[in-house]
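Multiple structures are listed underneath, in structure tokens.
What follows is subunit A paired twice: with subunit B in the first complex and subunit C in the second.
Here is the complex of A and B:
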């Protein structure tokens, strides 16, 4: 594995769009070639090297390329967008769309991220040590296939609209979640280890949600059906099992109606 | 002899009344009387010739005062601001015609700007819901002629759309609704007991911010499931009663307003309202409609969707790729996050409507206001360009709240020398092309990005 280190030395005036910062685009390139890749500041296209110093060459393939970002990336969007393999480590915080439409590989953000991170994700791993904004692992606007696969782990809290239209993959939130979790969900799993504000599983067809803390405003469309013991994220615990959203359409499989499951920890 | 102009459209609210009769003075310069309009509609016409109007563009001077300049100078200034900015924002269009909107879009594309309209702080969340869930809607004519159950949810037409109830929903006698009000059931759902609620047969006082839960309860009931005793402050019996009325209607329309779009959850409140509408179509005919605010705020959605595929929050900075994602490319978010470096306020008042921090950020950069009148935005601008008032002095196409296009006419001429939005933007576009050509001739073509796709492997 070869490591390319990008250090933000000359911050942009507006926000930077760094969709080229992926192992896929860096693979097979020398440091100088990487510095010549495009980034956008509004309508202005510039080489990456205008803002970042680049050290190290990319590996032969994306899988053999690791990117380390240093400096304040809170005004850089789209890092790791559409990446398929390899690794990115962001030493601090970053802006929107981190790991958006990601297919494989791993991103580790040591600070916070803003909204729309991991949207349309299909595979790979996105780890955030801090908090995430809204629309984490959600679907892009108007797209009815949200997160399809992969794993998102946020140690802190998240904003609203987590996992909208999710139909695969797993999201684990260490802290609290704001309103709307797995709205329109058709699969996948979301675990909220803190509290959820409300509208958990609204219009949800299939899939699982676990909430360890409280739900401030539970939806009337979810009904308690019993208690179960389940293993979640490596630990066994007892949960109250609810099914819903009863207001939504539900498919029938082998003569039985399939509902979404909401488990609240006892 | 004063002249009477008939079938005049009202350039105020989304009801787009097109039955006004306007009496104009002998010399065609003054509006004497406006018939059929409501109080607000009346005002918009009288305002045009009532007081002093700005007749020339005004440019801010170093001492803070405004100096009048020619339209040519203003066009040059505006084009240069757009040309030099990295990410200009062009926002507004609450009160202009579709011709002006199309011309502004040409400018935005040329300038690599973000193009947004007032839906961004209004019914934009409806668009998001419609993208996700469809729009089982109808025209206002269908409601008038067929509907026997009307729901106003989070909307107060008694104040915001004064003639909506009399022209289309509650009172008119239509083809299949010959008994008018007598044969219709009116349901109003709102946290406040509004003046619209006064005329309702049933009023549900939903707990503020909990409309989503109430919709969910209605949906569960419609599908025959149990619900808790009280949801969002409404008793189960009442929910069952209303659900029964909804199911037994011959034809129903849900009109919804800012109560859904601008309380917690926003697009999802509309989203679930659409889901309920769809569910009800298993039993009878139900439709839903957004109570769009201004007379032609439906226009930019129609025009720009046709041009770019998206109705608002259009990021055209990559020119050949239109990108839209409210939350990122929406005006207030761009301003709050300090993402833009020039601002065009067109036919609206961002100075009054935006949060103060957003205004402060925008004020760090050039701010240009295009508006017939003096407003808060015009008074804090670097440049104010006056234009003719659409529907009074400038004709054009407008879209009513139900997406029906209507040809508006003019009743008087604009003040001498004052041009239309369309002409202004056409001239700015021309100047932008010239600036680009000049720069190309000097051999320093601005980096014109070809797209946002990743570089291919060597």
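Here is the complex of A and C:
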């Protein structure tokens, strides 16, 4: 695997649209060619090299390309958008849409990320050591086919509207979640290891949510059905099992109605 | 203005009966002229190419409030599908494209006239504002009458003369083109949470049945002698087993003859017939009944139809058939928008995915093609996708390819998950017919222009007509063996001349000639009762005042008025 190191030397005045910073776009390119790729600052297009110094060449394919971003990327958006393979390491924090519509590969952010990260995700892995903003692993605006697969792991807390319209894949949140988790969900798993504020699983049809802490305002559409022991994220624990959202339609599979499951840890 | 000579092309003009003769077409001052009448023309070399009049679309939802609702509530329709700025204005969207993309894409396909299929009268200013913003193509828009309180009251009492006076007033107030009828009575019943599935179901409160509404409007239309006929979206759209209701609706035209000065020969245009030709009693056993429907249509000259071909895409359905959209939402559980327009109509919008993996979709695909392939008169059977309901208009080239090539149909059918059951439930597999370019010209230009009553302006290449000429890089003497090539050629015409201006070249828009709004101005004798009725209704029931209702002149963009005088 070959490593391309981007160091932010000349920070932009406006936010940078960095959707070209992906292993797919860097693969097969020399450092100079990578520096010539387009980024947008507002409506103006500039070469990547205007803001970042580029060291190292891309690998032959996306899978053989690793990108390391250094410097303060809190004003750089869309890193790793639509990537299919390879690896990105962001040494500090980054802005919105990191790993959006990602299909494969791995992104590791050592700081925080802003909103809309991992939206429309189909595969791959997104790791965030700090906190994430709103709409983490959510569906793009208007879209009813949300996260399809892959793994998002946030060590800290997240904002609101996590995993809207989730269809598959897993999101593990180490800290707390703000309102709206898995709204309209039709599959997938969301684990909140801290507390959840409320509206957890609203209009959810299918899928699982685990909350280790408390839910400040639980929804009346969920009904307790018993206690279960389950293995979650590598550890076994006992949970209270709720089904819902009872106000929503539910498919019938093999004669049995399928509900969404909400587990709260005992 | 400059002169143009389109030389040596294979010309297809069904209005003049020209079937692929190698001819020159002359253009001068925005009109077609005899090729010999030109002094010093610029030449377009069309040797080895197909030359037709600019395309005419009889039924497409391209402008107005429900289209805009579709644009607003489907941002995902634009995501990663918005091309770069290739022309003057930004293009975006797929199933509900922006006004700019609509105009450009129609032009790229060689179309010049598009008839907006349903204009809610109250929102006509919005319709006309969007017409202004849709570049290049000429537009007309049909106000909806089938659920209008005035119409229901007049027709209940069989007051054709009064209804005609009201119709003339509304056409002028909205700068409309003709009489559109959507689910007659059913959309009004929707205000009561009901529907009219059959043509004899009474409309609540008004106590009139859809059959009487349709017959009354046909009588009104012929009383006035409008260029276009009644344009009907039948009751019970999209439900298995609805073909009997459709046949009932078709029979309503029996005994009526066209009366007009525009060369129109039908009294009823039945739109998106594909949605109305299903047998069976559920989506499990749905089957094609196209044969019964087309046997009837083939035998009755006073009816024209269009296909409403399903293109197997993800699209956005939108119609002034409010109850149908609610029904559809209950089926696919996607987002739904519903609008009630006071005394006039009700519309709904729901996204829909037609998939080759779903039997219902593939049966619908077959039914649409059967309509054209079973037609004995393609001057009365037109190509549409009921854009965007059965698919976006940008798929017309693909529909043309399916119609022209059995191999293309077979290739598509190979992708069907339920191929055997689709073949069982339809007769598409037994049809070997392949349409030729002359028939495609009938279905996409000459026929629609004639049915709309504008065949003296659009749809043909006779001297004196608008100089709207589309040239496709297709040699009729050596048609490509790969059907995909046909699709490409019709999607990006080699040349489009609109009003004598070279507008598209090699599939790219190179100029944006002024577009027009076509509307019908009907003179009727003064009718004091109707004027009082209008005044009273606005006073009592409308949320706007009468003075603010009629379209202001500044909304009307570059009008082309077709005048009808009934006072003579």
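The rule is simple: the second predicted complex is superposed on the first by the 266 of 266 C-alpha atoms of A that agree within 3 Å, B and C clash if a C-alpha of one lies under 4 Å from a C-alpha of the other, contacts with A are read in each partner's own complex, and residues count from 1 in each chain.
Here is the rule we use: a residue touches a chain if its C-beta (ideal position, glycine included) is under 8 Å from a C-beta of that chain, and two chains touch if they have at least 3 such contacts.
The shown structure was predicted, so the numbers you read here are calculated from the model rather than taken from an experiment.
In the superposition on chain A, the chain among subunit B and subunit C reaching more residues of subunit A is B. Touch criterion met: A:44 reaches subunit B, while subunit C stays clear of it.
Look at A:176: by the touch rule set out above, it reaches neither subunit B nor subunit C. Of the two partner chains placed around the shared chain by superposition, subunit B is the only one that A:246 touches, whereas subunit C remains out of contact.
By the touch criterion stated above, A:17 is placed in contact with subunit B alone, subunit C being left untouched. Of the two partner chains placed by superposition, A:208 touches none, neither subunit B nor subunit C.
Residue contacts after overlaying the shared chain place A:140 against subunit B and subunit C alike. Annotation: subunit A residues 140-142, 144 touch subunit B in one complex and subunit C in the other. Against subunit A, the residues of subunit C that register as touching in their complex are 73-77, 79, 333-335, 351. Taken together, the subunit A residues at the contact with subunit B in this complex read 13-15, 17, 19-20, 22, 24-25, 27-29, 33, 37-38, 40-46, 82, 96, 115-116, 134-135, 140-142, 144, 160-161, 165, 179-180, 183-184, 198-199, 202-203, 217, 219-221, 223, 245-248. The touching residues of subunit A, when paired with subunit C in their complex, are 140-144, 249.
On the side of subunit B, the complex with subunit A involves touching residues 85-87, 111-112, 128, 131-132, 210, 212-213, 215-220, 222-223, 225-228, 231, 264-265, 268, 271-272, 275-276, 279, 317-319, 324-328, 337-341, 446-449, 452, 454-455, 457-458.
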